[in-house]
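Each of the two complexes below includes subunit A, the first together with subunit B, the second together with subunit C.
Presenting the complex of A and B:
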């Protein structure tokens, strides 16, 4: 078999997968703009004419941004510790991905036991007399962000660890030996070199947070509905696929508006780090 | 070993055929497949209906637990994999409206004659589109460690500011069909006149700690006392009480509770129609409904079903006395207006 045919054969499965993905995406957008065989933006008009949907979109993007920020703030130091750990690193990595073995429902619901009105923290607060009624730690945007950070943080850690492990330790040592303080070394050596991992982790976490359903459903309050939850309702309860497709397209476009610049930045950073395009 | 192209193709076609076989066989031969919600509902159907039916007729019925039987019916329209499935009355109406249900003549399911016609899911030409095996009711579940039963003798109490942060509530999809309907009744209106009910719902929403459509979560919140009360299903409280949780009680307020009939439907074009009709007739008969009551507290729809002394003691009244305190709305009207009502509630909640 000629080499080109072998290559084509090997690429066939991924091409098929991509084709399914692209066809699905095209069909999704198509079904949101075609009503009774006619091009019609009625679903989009209906979405943007409802103030609660617009607020929901804003809330979804804000929640995703906060989740990404906190996942990064927690994930980076953790990833650094794992990458520089001198013992059995695999044990740490296993601990990080261990929560994935548990259902997302159980992981999210675990917070109720800790933060709920009769949870550990509130029981302690009322028992100790610090408060006379349970503090509102649950069923608000705080608990949604907390739950999402818990669920999505491993993605950020893994993305950053994989890059940090490629950075030779002696680069940091060289910076320090030349008088660089730890903060300066971090800002001028480690951070720029680990930027591709940060950007990958940011993209992953942000995208997954925008489409989250279970965590906002379990931990959110009255005014914390997110777009993913609404799409779930349109599909599972109303079977209104065109409207769900329109909502999903809105989510896709708004997410892309954030993610595409990140991807362009990542490509540019990677090129610079590889020495391409340097003067 | 060298495999020729023809052998490869034959192997692939054979594998494809064998993979598709269970799906094609499932609804054509073997047991009757009945789609049911999970948890206690599936257990009830196995213990009260499927098991006794097999013992009586020799036909086995497999209860398949799925998150939403209606979704299965819609996804498999034109190529049904299930023979029957259970749903709420609103779901039944929606499926019937979309012409997705097999219909039956009353003579095919004679046991339905003992089920009052107000519980029938029927087409405009009088054919049966579903069987009502039982009903539950939607009252107020109260954690008696946190509040007294008397506190909730009226639906209007739910809007009282003193319960701020102490109530639970379901999602707008169910608020639109259940809560709004019974609150409207309590406010002097009904499902067609919901202005007063919407005001009460708004008041209740201001008191709510959280919103959830997970029954397990609602159970836990009530049991742990995270909420003092919430509008809830009688059968869920029954199950809690049977499990030894005696500090959660269901209250039928003075204005009454909402009657929630369930329907068993067959998808349009179902195979083994005769066996399905026999199964539906069994479901409509009093004996399995009485067993269902014992297992999970669903009240039989068949008028000939009788409550044992034990059941009567647990209910605190007879079946008829329960029925007399329940409100049966026009579910067809509710189903037809559900989307607008959900949108209205969504916007009300967003502006709280």
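Presenting the complex of A and C:
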């Protein structure tokens, strides 16, 4: 078999997948801008003229941003500990991905058991007499961000660990021998060198948080749904496909607006980190 | 182990330092003094504890027991960034995200000595011969140039002591020789105390003021390069630093000036006279001893210099010299003789020759019962 034919054969499955994906995406966008066979932006004007939808978009972006921020704050130190662990690192990595063996529904529901009105925390609070009625720990932004951080943090950790492990420990020692205190060493050596991992983790977590459905559905309040959950309901409950398509397109565009610059930045940073010089 | 001697006030004093990792002891009860402006080398095979000792001086490891004093002050518990000690790493550890200038400037910025930073960095780059390379990335320069950047980076803050952990081991021989010379010149120009770690005895001999030969976590001998080579104190030092003939025997007679020996294996008792270093107590009669004779001091067929009969088993020619492997009743011998055309060399295999050496070429190595000089402890 000629080489080109073999290559084509090997690429065929992924090409097929890509084709289905592209066709689906084009159809999605198409159905959002067509009304009665005519090009029409009515679905979009309908969305943006409703203040509850605009608020929902804002809430989605804010929740995703907060989730990413906390995942980074929790994930970076964890990733550093794992990457610099002198023992069996694989055990730690296994512990980090272990929750993935459990369904996301179960993991999110776990928080209901802890945060709910008759959950662990509230049972303790009322039993000890600290409060006379259950504290509102659930069905708000707090519980949604908490749940999302819990579900998505492993992605951040893995992304940062893989980059940190490629940074020789010697570089930190070199900085210290040159008088670099821990904060200086972190800011001038570790942080710039691990930036590609931070950017990858940020992109992953942000994207998954904007599109999250199950966690906001279980932990979020009825009055303040997120975009992903709303799309799910438009499709599954109201069968309003064009509206769902328009909402999905809005989600896609806002996500791209954040992620594309990050990707460009990552490419620039990586090139600079390979010792190819900077003015 | 010799008693340590200082040429100037000790800038660094290591006092019975031991370092254990769990049940493994990397450094055992090491004491050393390093004088201001000295070039001291820690020499030993891999795993002998030399790098661990260096890392303790740098502040990356804390001694399990003992103290490290700099100008009298105990720094054992001080953080690495609070010590005025620079370090050149084996893998250089250049910052890949910074260019040559920023790598060199790193220490000045970390210590907030940014005044005149541009001039200082350029001066340092000039010292190591890297003018004009300021904006290059660390991947855009050669191995030897990276070496110089690492050196410049660690010298720019004018540390009191510079530690070098086998920095030349990754380079090819020619570049290595060249950089050895430059390193020595820079050390003399700057007057900074250098503590250099290597497993290469030639490198150690050619560069150092003093050499500490380490084995199995201990310092076996600490003295000048010439003494290390010509007056090895232990079998390990004799074997590790250069090639040698180690012959065993017993003391026949001894007084304060010289010792006479009977070598094992020789049918007729052959007396070997050994000049004893001043101040050393002579061994008792019948004590087991070993002697070290360097191959270049073994002479073949010279009248009046006869120790034993030997037979040539093989030879290797290396230009200026020719080295014979000999078989004698005292054991196998190596003899390295100057090669001059037309003087009968090389001798054919199987040829019988008379082998001998002058008294002053012999070093007496006291047998040390209970002191294991092999690597078994590691």
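Rule of thumb we're sticking to: the second predicted complex is superposed on the first by the 264 of 279 C-alpha atoms of A that agree within 3 Å, B and C clash if a C-alpha of one lies under 4 Å from a C-alpha of the other, contacts with A are read in each partner's own complex, and residues count from 1 in each chain.
Note that in this section contacts are C-beta pairs under 8 Å (C-beta built on N, C-alpha and C of every residue); 3 or more make two chains touch, one makes a residue touch a chain.
These figures come from a predicted structure and were not determined experimentally.
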item: Combined model on subunit A: subunit C and subunit B, fit or clash; value: fit
item: Touching partner for A:29 - first (subunit B), second (subunit C), both, neither; value: neither
item: Which of subunit B and subunit C A:262 touches, first, second, both or neither; value: neither
item: Which superposed partner A:179 touches (first subunit B, second subunit C, both, neither); value: second
item: Which of subunit B and subunit C A:50 touches, first, second, both or neither; value: first
item: Which superposed partner A:188 touches (first subunit B, second subunit C, both, neither); value: second
item: Subunit A-centred angle between subunit C and subunit B, computed on Cα centres after superposition, in steps of 10 °; value: 150
item: Which of subunit B and subunit C A:217 touches, first, second, both or neither; value: first
item: Which superposed partner A:136 touches (first subunit B, second subunit C, both, neither); value: first
item: Gap in Å between nearest CA atoms once subunit C and subunit B share a frame through chain A; value: 49
item: Overlap of the subunit B and subunit C footprints on subunit A, listed as residue numbers; value: none
item: Complex contacts: residues of subunit B adjacent to subunit A; value: 67-68, 71, 74, 165, 169, 171, 173, 205, 208-214, 217, 220, 224-226, 338-339, 342-343, 346-347, 349-352
item: Touch list for subunit C against partner subunit A, complex; value: 58-60, 79-81, 85-87, 89, 91, 93-99, 102, 106-107, 109-111, 135-140, 153-154, 157, 163
item: Touching residues (chain side subunit A, partner subunit B) in the complex; value: 50-52, 55-56, 109, 112, 116-118, 133, 136, 138-139, 217-218, 220-223, 225, 233, 236-240
item: Of all residues in subunit A, those that touch subunit C in their complex; value: 168, 170-171, 173-181, 184, 188-189, 192-193, 272-279
